[in-house]
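What follows is chain A paired twice: with chain B in the first complex and chain C in the second.
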Partner chain A sequence: MSLWVDKHRPRDLMKLDFHKDQAIRLKNLVQQSDFPHLLVYGPSGAGKKTRIMCLLRELYGSGVERLRQETMNFTTPSNKKIEIMTVSSNYHIEVNPTDVGIHDRVVIMDLVKNIAQTHQIDSSGQREFKVVILNEVDDLTKDAQHALRRTMEKYVATCRLILIANSISRVIPAIKSRCLTIRVPAPTESEIASVLHIVCKKEGLSLPSDLAIRIAKCADRNLRRALLMCEACKVQQYPFTADQKVSEPDWQLFIRDTASMILSEQSPKKLGDVRQKLYELIIHGVPPDMIFAGLLKELVLNCDMSMKSKIASYAAKYEHRMRLGNKPIFHLEAFVAKFMAIYKKSLEECIGDMF
Partner chain B sequence: MRHCNLHCVTTTKKKPPAPWVEKYRPKTIDDIVDQGEVVQVLRECLSGGDLPHLLFYGPPGTGKTSAILAAARQLFGDITRDRVLELNASDERGIQVVRDKVKAFAQLTVSSTRPDGRPCPPYKLVILDEADSMTNAAQAALRRTMERETRTTRFCLICNYVSRIIPPITSRCSKFRFKPLARDNVIKRLREICEAEGVDVGNGEILHQAVDTCEGDLRRALTALQCCQRLLGKITAEGLIEVTGLVPEKLVNEYLSVKNYSELERFIENFLKEAYSAFQLLDQLAMIVVNAGQLTNKQKCTLAVPLLWLTIIHNDQNISVEVSDNEVGAH
Partner chain C sequence: MSHTKKENKWFKPMFEFGEDLLTESKTNNNDNPLLQSPVKNTINGNEKPFKIQNINHKSLMKNFDPKTIEDLAVHNKKVQEVDDWLKVVCVGNNNDMLLLTGPVGCGKTITIRLLAEKYNIKVTEWITPIDIDIPTEYGEFEYNGKQSTQFLSFVLKAANFTSLLDGNSEKLVLVEDLPNTFTRTPSEFTEVLQQYKLRGKSPIVFICSESHTDNKNSAINLFTPTLKEQFGIQHITFNGVSPTGLKAALKRVAGIISKKYADVYNIPKVDLIECVSNSSAGDIRSAVLNLHFACLKGSNYNLETSIIEKDQKLTKKRKTTSSKFTSLGKDQTVSILHGVGRVLNPKVILENGRKKLTHSPDEIIEQFTSQPTSFVNFIAENYLPHFSIVEHVDKAASLLSDADFLLAEWREKMCQEYGLYISTAGLMLANEAPVSAWNPVRGPKTMKIQYPSPYELHLEDNYFCKGKVLVTDYETYCKIIGDKKTNEINSVYTL
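Right, the complex of A and B next:
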């Protein structure tokens, strides 16, 4: 039994439930084989991957849905062996180069060349090129991004890249200049609500509109999250009622808890407790930039304007440093410590003013 | 699995469909738009002059790779395969490769006639594209090879940021800065290509916009036009903004008119969920500040400096020089 998110994933461009105009345009785009590489970007849960799989089906027919998983082996210049998981069909291959950390360049270099050079024998009037999907390109090292540049130009006739990113801010200009950039905004709350209705109808369930709207509001414009929450609601209680409990994702509550801990007391001891919490979040795979954003949002609630902007700029600073380094915990903790210092000082000044 | 390919500038038989940028990549140096100085030097080599070591630098999509590839093809014709070694950032170019492959290639002796007896240049050409991603150690090794093999080998280094190339190399090369292409020339080129593709551009107004959105990057302009055409069936102003990832003016104005933190928070949350690029917004803001008529120069500086810093920190690259040049010009 599969989750609703997978079970009801649209497979045809024309069956996508939102950004329909864009779907039609993409269909036009691939009518001819001379389109450029694509850079598809949007927040998580906006349906980038679904859209891309539909696009591949449009290109190659249902053969692309026969997927196999393989591990591929590469050797770095320093003779280190690395392994990476790939998902592929006869027509395309997908990898997550960031899985191998700083060796991502090696994977990109070898993979794209291999694919491009094993030219497809054109038997059935199929396309002349294969597709390589690279995930999380905004997290690629600069080296890896540079390695893509000339490769993208050289092999464009036999290999089209589809690059996926959450934001194009961190993609180097030279790559942007070689791609068609396709923005996939997160669905709005009402779009999410209507997808929930469609899915429930397919499941033969009746979903009260109020509940659909409440789930949509909670899901932070993330469709995957909304569907998971809706399915969880169904497990908790069916028939649905308009006012039944919608549980937020655990980690959101967890971040909120952590924030109130920070606000309750500013001391080295508390900082130690907070560190434990942060570790737990990281271990459970919550992306550190989301921890930053979540904490910031909660922490500034009670601050005045000048403090808000001060704290926001510190958050930006520490988040930036985190991206340059590779131990998120240090930077998260540094931010919390900084916040505690500022907050405590302002409390003391406040009290001082009262006397 | 690891090997260093000898990349060659070959002419394939029947070409599979490729995007316009590749289809209209200059075939000869006379097709290169602008960059007069470089073209002049290359033209002299073609008519028998000697080729110096070259260093091309400048922003993306201004013809660096195209220029050297076209020149190589014209110089060597059907023996390009034997005479040209092209290595780019996707090839292994560590110190070992420079010591072995590049050196071995550089040491080959060549004659000044082709197999069929016609004359040809008495040297080989090593093209190191995207050289700014080479390590300093590899560059140092390269420098020694360059010194030793000048008799039979010419080097052409290409990069976006010249500051990433070590001085002993830059001082051995004739340096050419590829400037962002001039407006009118880009428009002319785009018009020719649109004509060849049978695309209607009306009175050409739309081409002006295409040029504005891509800041002298012809590749970006061409990609934008082709995508717009394929996606929408015609080229429109909004289409161009969308395919180039610009932030629509309406949103920029909305950002400028937020009044307090909670409004700002709401704006940013929505902005990011709509997947617009924050960096792009900063970029556009900087342009607005620079072009704002009602501000004094001093005010402009005060506003522009933090924006620039953000941009630089963000980009982590040396784009500052270029931007501040523009700034000074605007004053």
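Right, the complex of A and C next:
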């Protein structure tokens, strides 16, 4: 099944719907014969990958769109065999090194080395370098990031790296300074709404502008999600009405559920139940930072101002810990326990005041 | 003469009984075996000249070895298992293979030896030689050939040829000391086994001790399941000797002492035996050694009495004997579940009006052998049911968060220790109102994230998105859209 998101993805830099100035600059960048390593960053659903694919198309022509999926094998120094999925065309290869967890360093070093050592067969009329796209660079281990630094310098003649990250705060400075950083900000709600209108027009549907704005608000400035929501709305009810239901992602509902559990009772036993819920979320693949943000958003709704600031500061503390630590569940649980303690105390004070 | 030969040895045994006797007799050329040792006398405080019996150092420990199968401290069923294998195998030109594994000192070798004796099988054991001789005066080395070839030729010779002096008994090859080269290149080992399977004519037994750390465990690294299958190697695993088995064996040793060697040893008391068996944690060899050392007359008189004193004090408290009796035994180790129990149910005693933990966090950490992270995971998984008040949980959870943060720093060894300490000490102290109920210990959850595949979501080959994005954005809507589409398709078909 072909979703709107994929079907109507712009393929040319000039046809992008927003950040047009940036598109022109990218085009100029490519028109010169060479370009440096890129570090593209921005929130999820802002169009980073779309821009990169447009850029590659500009570079190599439509050949980059003939993709194939391959599994590559690597051996770690400790003789462990690891597998990783790659997506590649004749001109580029894309990989998600965080898929292999702590062994990402090996993947980065071997993969880039392999690519960089094979030259283009037909270099006449072609670029003389290949492109390696690395996803989720901010989730790489520090080790891998340092390995990357070295590789970047060594193979600069035969390959260019395009790194994709959500935030560059966790990318080491050495890498930041070796790349041209390109920020792709999330589209505003009105931009999203206009994209929705354009897509609906292409599909031959009429979209009430109220609904478009509601979807845009719901989607959290994530264009991908907005388009999916829109398509889901169409499937659920067409013709559109301005006040029809816009369904939220499952996991957000699940987090809301968990938050109401926390608010309903503050006891160790309840915390045990909450933990099971959190486990479920994590195992399902929802990123822990999104769980954190979602929980915080729901929980502070029931707090007064002084409590809000306190809880937000604790959330920040534990979220930071989580980034530094290994096991997200520890920190999520610590945050929930902290909230329970604070909330219970305030409830007791309220009851005390009443009498 | 025997001691001229001894002089030529390139090393001298450090603890040799009667060494001074030998030299004495050499210088004095005196046949009198009595020796007046002033040192011994002062220790003993005895007027009588003390007679040292010359225990041949070779058979020092052999004196206490079990002589019959009934004497073995190993569990009957295990012995029976090995017995069955031997019975089947020692008939004809059978070249079956057996692998015995188990912790150190659980009686693997002695079981094989005794059983072989029972069936009148001759055991030939491989001992890895040094492959480079001692350098000559000019610093030249002689290389003795490849270890694996040497090993193979030895094993084959031992399996196929009988000594003229032996009569025509059955043979058995025993390999306990695998050459190092095999750990480096396991393929060589496979080749040797293949050769043996082709040419060998006697059963072969491999004995491997298990250690705590997996990477040094030759049984796991070398004898992979495929290898075992390929050569039909039977694998029998021994457990550590049970406390009752240990005690029985030590009593037997005590019996031997009181019968034969009363003049060398003090006869061990029952509580001493108890102490030794508690401290040795299923290792019969070290238990016998400890007993031997603890009972030795004269050598260390003070130490021994102090132990007995300690022990007598402790028998009142009974259960704690094992942890305090460390002066002789090995360092006590605590299993992971035991450790978790001690952390989550801390016992507090009042001492001089001050509260004190019976097991201090230091003690628990010290006695601990596995990875800190796995222990902390265990604690984190299990601590909740022990708490009754949410404020305490808050404290504990926040400490666990600290601990995880520290444990993540694997480059600094201290951080591991601090992390472990914070979590143990924190959890022992955080819970001020524990729930007293029996809670089964659960293992920590493995957090293998299962991302949906694009195929599951009925997406076309879509290379743009992976993992997280599929979960957070696509999944819900794909379900909605996909359901509708399949319904439509179905309705088209029904029409």
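By our rule, the second predicted complex is superposed on the first by the 344 of 355 C-alpha atoms of A that agree within 3 Å, B and C clash if a C-alpha of one lies under 4 Å from a C-alpha of the other, contacts with A are read in each partner's own complex, and residues count from 1 in each chain.
In the analysis below, a residue touches a chain if its C-beta (ideal position, glycine included) is under 8 Å from a C-beta of that chain, and two chains touch if they have at least 3 such contacts.
It should be emphasised that the depicted structure is a prediction, and the values quoted were computed from it without experimental measurement.
Room for both chain B and chain C is found when the two structures are superposed via chain A, with no clash between them. In the superposition on chain A, A:300 makes contact with chain B only, while chain C stays out of contact range. In the superposed model, A:32 lies in contact with chain B only, and not with chain C. Within the superposed three-chain model, A:185 lies in touch with chain B and out of touch with chain C [touch as defined at top]. Contacts of A:340 after superposition: chain C is touched, whereas chain B is not reached. In the superposed model, A:238 lies in contact with neither chain B nor chain C.
Within the superposed three-chain model, A:290 lies in touch with chain C and out of touch with chain B [touch as defined at top]. The gap separating chain B from chain C in the superposed three-chain model is 8 Å, by closest C-alpha atoms. In the superposition on chain A, the residues of chain A contacted by chain B and by chain C do not overlap at all.
The residues of chain A lying in touch with chain C in their complex are 1-3, 6, 9, 44-45, 49, 53, 67, 69, 87, 94, 96, 99, 135-136, 222, 224-225, 228-229, 231-232, 235-236, 247-251, 266-269, 271-272, 275, 279, 282-287, 290, 318, 321, 324-327, 329-331, 333-334, 336-338, 340-341, 344-345.
On the side of chain C, the complex with chain A involves touching residues 373, 377, 380, 384-385, 387-391, 393-394, 396-398, 400-405, 407-408, 445, 447-452, 458-464, 466-478, 480-482, 484-485. Within the complex, the chain B residues that touch chain A are 1-2, 5, 7, 15-23, 59-61, 65, 88-92, 94, 96, 129-130, 132-133, 160, 214, 217, 219-220, 223, 226-227, 230-233, 242-245, 260-261, 265, 272-280, 313-314.
Note for the complex: chain A touches chain B at residues 25-26, 28-29, 31-36, 41-43, 46, 73-75, 77, 108-110, 112-114, 128-129, 142-143, 146-151, 153-154, 156-158, 167-169, 173-174, 176-181, 183-186, 221, 297, 300, 305, 308-309, 320.
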